[in-house]
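Shared chain: subunit A. Partners: subunit B in the first complex, subunit C in the second.
Coming up: the complex of A and B.
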């Protein structure tokens, strides 16, 4: 046996070497994919299958075809929840993004003082747990004796029952949610503004543009990808609204703050109709996907 | 000591240590979920239980009562992650039974049937089988500010609700409310209305779970409830447990509180400066010749999931706190929760005067003179949503009380198919 033969026998065949090289990255990725299959894809598929059953958790599930989806379609309470969620989403997403953008522009400007203090002040609510925020806002919104009504009263303005009046309750939720999220979105927009090269704005100024023209014609168009991100993310969060109305109003009064997720929660975890709740969750997912696509088409078209 | 002796000694010590460790490991650990005053009560009797059952260790968790109900339901459905014993709101217990995930306790509990009031026992019974162990009952009484009543020459106790309304009108002239009504109601306020319905035996469901049709008594009761706030204007309106309600109590703008004995726990916490000014009287009757009955706001049951790995130990603990007079008395002492186990009601401890009530015993002066009516709870999670929404529409002036009740009835029939 020659030396060359011996070497050939010791080292693996070329195909095996190639296979090993190709396999190694997948081995590194395997933990993620196994976890993804077990805890994401598995439940996603299982819940889709359960949405066609009358599953109540402990007892065996019976196949009911599309009965759950038909029930959703025929339940006026679902449509009320959808209408509330849509109204809330429209107002919340618009107000939040406009305010966060305005705040970020102010923080990016040269005329504003105490920027660091303001940044901390606006970001602080993001770090506060919902339970603490709910206790604070329960006091703020309290009818007659709450801080907000004391201020409104001192200004001679009407003092609504913030959590008790069905016409007003949803606004309480919007105020609380914006208070909690504003700092987070302002930071995102602020980071986007920092990424815009200063020489672009400088050139516009040298060409005689006024500050508002620089903002309107230069800064905002360049910020469009960030705005798109902010709008899509806040829309997803809006459609998934649950915590604030659940803690403050439990969906009331008279279902005026009932959202799709509260509706889903009640079906799944209070009535223990898990098959029906799975169907509602699929309808919600469908709505989120549609909303994201529409927004991408509207805001992202020029970008593309 | 020779090397051999040392080795033998060492081996013996090791053996003892191993056996000891094994014994310690053999201890069965059970978990119990409850909230605030019930946790305090459980902690007070835990040592005694562990002394009587050295092989069992109890771990007590304090959870928000509403979160607890939902979490337990999910854990039961999933078959994992739940406690061995959980305290469940009596009115919701029916939903838990219907899942098929609760441990049947017929064999252990049926010999004790005569030891519980019928209103409490009915909540754990379904088709002749029992599930769980009754824990406490919360019959309603009428708490009032004796100083304000005296200043206004109001004679107590009231015999009927007519007397109550007449007194309320006297106080309302001075801007003082004689009671509170949960308006807006939503789900949390439904229990407030149920106090009144139950006290006059105005059932929503009959014994078989069918919705009572053309329910004139319930309609009349909703009208009465509405009139307290809107027609007579003698009830302070607020959401249940809202800050403005407690502020009004502190300001002396509310001189009455129509709730069970847990009110004492709450009043002491929210208005300690009013100690000695409050008293309690029995729930008024619905007419001079009407039976001396009352309703309830609350009441709880101990549930054991089938999925518990320590069913025997769990049942022991549940019976220890729910079917034992000594423990049940401690529950009263810790949280003013009236024992469900009737032998405990004979205890002298229940006759003890409360300094907050000027030395008065709640049990003797307000609870004992009334019998707690039974109330049928079926599909209560859904029922609460329907009733709560209709009450909100009623208090929002969108419907009359009669329309609201008729719509409640229609929705219950169509949605629950009962």
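Coming up: the complex of A and C.
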């Protein structure tokens, strides 16, 4: 008797068995997809539809066409939020990825000692939640009791008001964010470097390339897909900046750390203009997608 | 390759090796200095947590007298313990539920053929690129109407459906040998039992990675509980700790005590299982 015969004998009605077998993958996917639909996919689609209404949560939504998008376009405060976010993003993404890449190259080098300990040490801030990191940095940036100004004061240097000066506050946020994210991106780049076969580098070295030439002409071009990933991911995080400035400065002083998501949060959950906030969220989604495409073209193009 | 090329190269390699100790020494020293800078804020927070109020405002680096006053205040005057319990409970539930959802679904994606498979998978992947703030807005309106704000359910369910989680589970489940599944079926094993007692144990490495991914996502989330939780008793740690900041002059000692206590469980877990931790937090990067 073959296995198929045994299976056939076991089931009373073959068609029912077939039907049940066809149903099984859907049953297995159901718990995930029901939750996913309720908390992710459904709201994502609903948000788009609500962005064309004046929905305020309590009353029923009225269709208002593109009025929300026009209002965003005409609000100078939105443009300020966009400018802040763009400036912050540009500085943050550049500094972070350059530093992380340098750190990863050092971790991957032959000359460094205590590699594993250093890797774990640099990764440690990543395990601290964004909000707690922001609270800790309150104690670094604060006037009078903050570590930074205690050190600067002891050295006889000027002590800026790190969180209270509109010119400086955004830089404080940048420092905090790089501190928190550096280890994460360094580990990603490090993993990418480890994935490059060492005989490629060895061959270049034996052909007489100097170490910096190996890095510049061999390692970095081979790492390009990972760099692209790092740049796109950090850009997405930069455009979605909320936790740290909200905890530290609430977007102030004088809106100098106002980001798009803080603008969205205030519209949606302080003024309960949900339809308008939904429109802001779709403008943000659009910006994220455009940024990702542009970066893919810029970095990906040289790959050929 | 000729000998003429080989010889000068070899001598250069030799020179590099000879100069190594000095470069290695200074390079390592530089990196250690950098690490010290990175660690300073954490150490500063720990030191400040053990200072008295007057020590903090005196601007001393080292506590003059070590005091647990900040910790005692934190535990007795605030709802900190409750927030910690909330955060742990919610994160554990999200993780358990998420591991079940993602492994079951990932296995279905990996080992079954069914109409709509490609479409469903594509939908999950595409959703990753939508900022999470997009979902908060309609959900706030709906849940408020349903009277579901301020419930644990709202803090648990969204994190259980982790798109990255089901993707990683699918990758792992594809490696489960078909022969093993067929053998189980021939032995008369039901499909769910097959998943539970054959597939799930084989997915263990992925369970660790995805578990950490979901746990940390829940533990760190801020805007979600900030919007959805209304009463002080229902706050999670990030929202609670941030609320301690208040509007006037902050209680720095208490804030630092809260930061240290909040980070401790995760840092300990990180040291206990560095490999899974780093994998869990950076998965998706190197594919």
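Couple of notes before you dig in:
Operating definition for what follows: the second predicted complex is superposed on the first by the 262 of 304 C-alpha atoms of A that agree within 3 Å, B and C clash if a C-alpha of one lies under 4 Å from a C-alpha of the other, contacts with A are read in each partner's own complex, and residues count from 1 in each chain.
Everything that follows uses one rule, which is that a residue touches a chain if its C-beta (ideal position, glycine included) is under 8 Å from a C-beta of that chain, and two chains touch if they have at least 3 such contacts.
Quantities reported herein were computed from a predicted structural model and do not represent experimental measurements.
After superposition on subunit A, the partners subunit B and subunit C are seen to clash.
Applying the stated contact rule after C-alpha superposition, one finds that A:152 touches neither subunit B nor subunit C.
With both structures placed on the common chain, the touch criterion links A:106 to subunit C but leaves subunit B unconnected. When the two structures are aligned on the shared chain, A:128 is found in touch with subunit C, with no touch to subunit B.
In the superposition on chain A, A:164 contacts subunit B only, with no contact to subunit C. Between subunit B and subunit C, C touches the greater number of residues of subunit A.
Applying the stated contact rule after C-alpha superposition, one finds that A:242 touches subunit C and leaves subunit B untouched. Contacts of A:292 after superposition: subunit C is touched, whereas subunit B is not reached. Looking at the shared chain after the overlay, A:270 reaches subunit B, while subunit C stays out of its contact range. With both structures placed on the common chain, the touch criterion links A:284 to subunit C but leaves subunit B unconnected.
Of the two partner chains placed by superposition, subunit B and subunit C are both touched by A:138.
Subunit C is struck by only one stretch of subunit B after the chain A overlay, and of the options 43-51, 61-69 or 151-159 that stretch is 61-69. In the superposition on chain A, the residues of subunit A contacted by subunit B and by subunit C overlap at 57, 138-139, 142, 144-145, 269, 274. Of all the residues in subunit B, the ones that touch subunit A in their complex are 69-70, 73-74, 76-79, 95, 98-101, 183-188, 238-239, 242-244, 247, 306, 379, 381-382, 385, 388-389, 392-393, 396, 398.
Those residues of subunit A that touch subunit B in the shared complex are 56-59, 138-139, 142-146, 163-166, 249-255, 266, 269-272, 274.
Against subunit A, the residues of subunit C that register as touching in their complex are 5-6, 8-9, 12-13, 16, 20, 23-24, 27-28, 31-32, 34-35, 38-42, 44-45, 48, 56-57, 59, 61, 100-102, 104-105, 107-109, 112, 114, 117, 120, 123-124, 127, 129-141, 144-145, 157-158, 160-161, 163, 166, 185-186, 188, 191, 195, 216, 219-220, 222-223, 227, 237-239, 241-242, 245, 250, 252, 255-256, 258-259, 262-263, 266-267, 270-271, 274, 277-278, 281-282, 285-286. The residues of subunit A lying in touch with subunit C in their complex are 3, 6-7, 10, 21-22, 24-26, 28-29, 31-33, 35-36, 38-44, 46-47, 50, 55, 57, 103, 106, 109-114, 118, 120-132, 134-140, 142, 144-145, 147, 150, 179, 182-184, 187-188, 191-192, 195, 205-208, 211, 226, 229-230, 233, 236, 239-240, 242-243, 246-247, 261, 264-265, 268-269, 274, 277-278, 281-282, 284-285, 288-289, 292.
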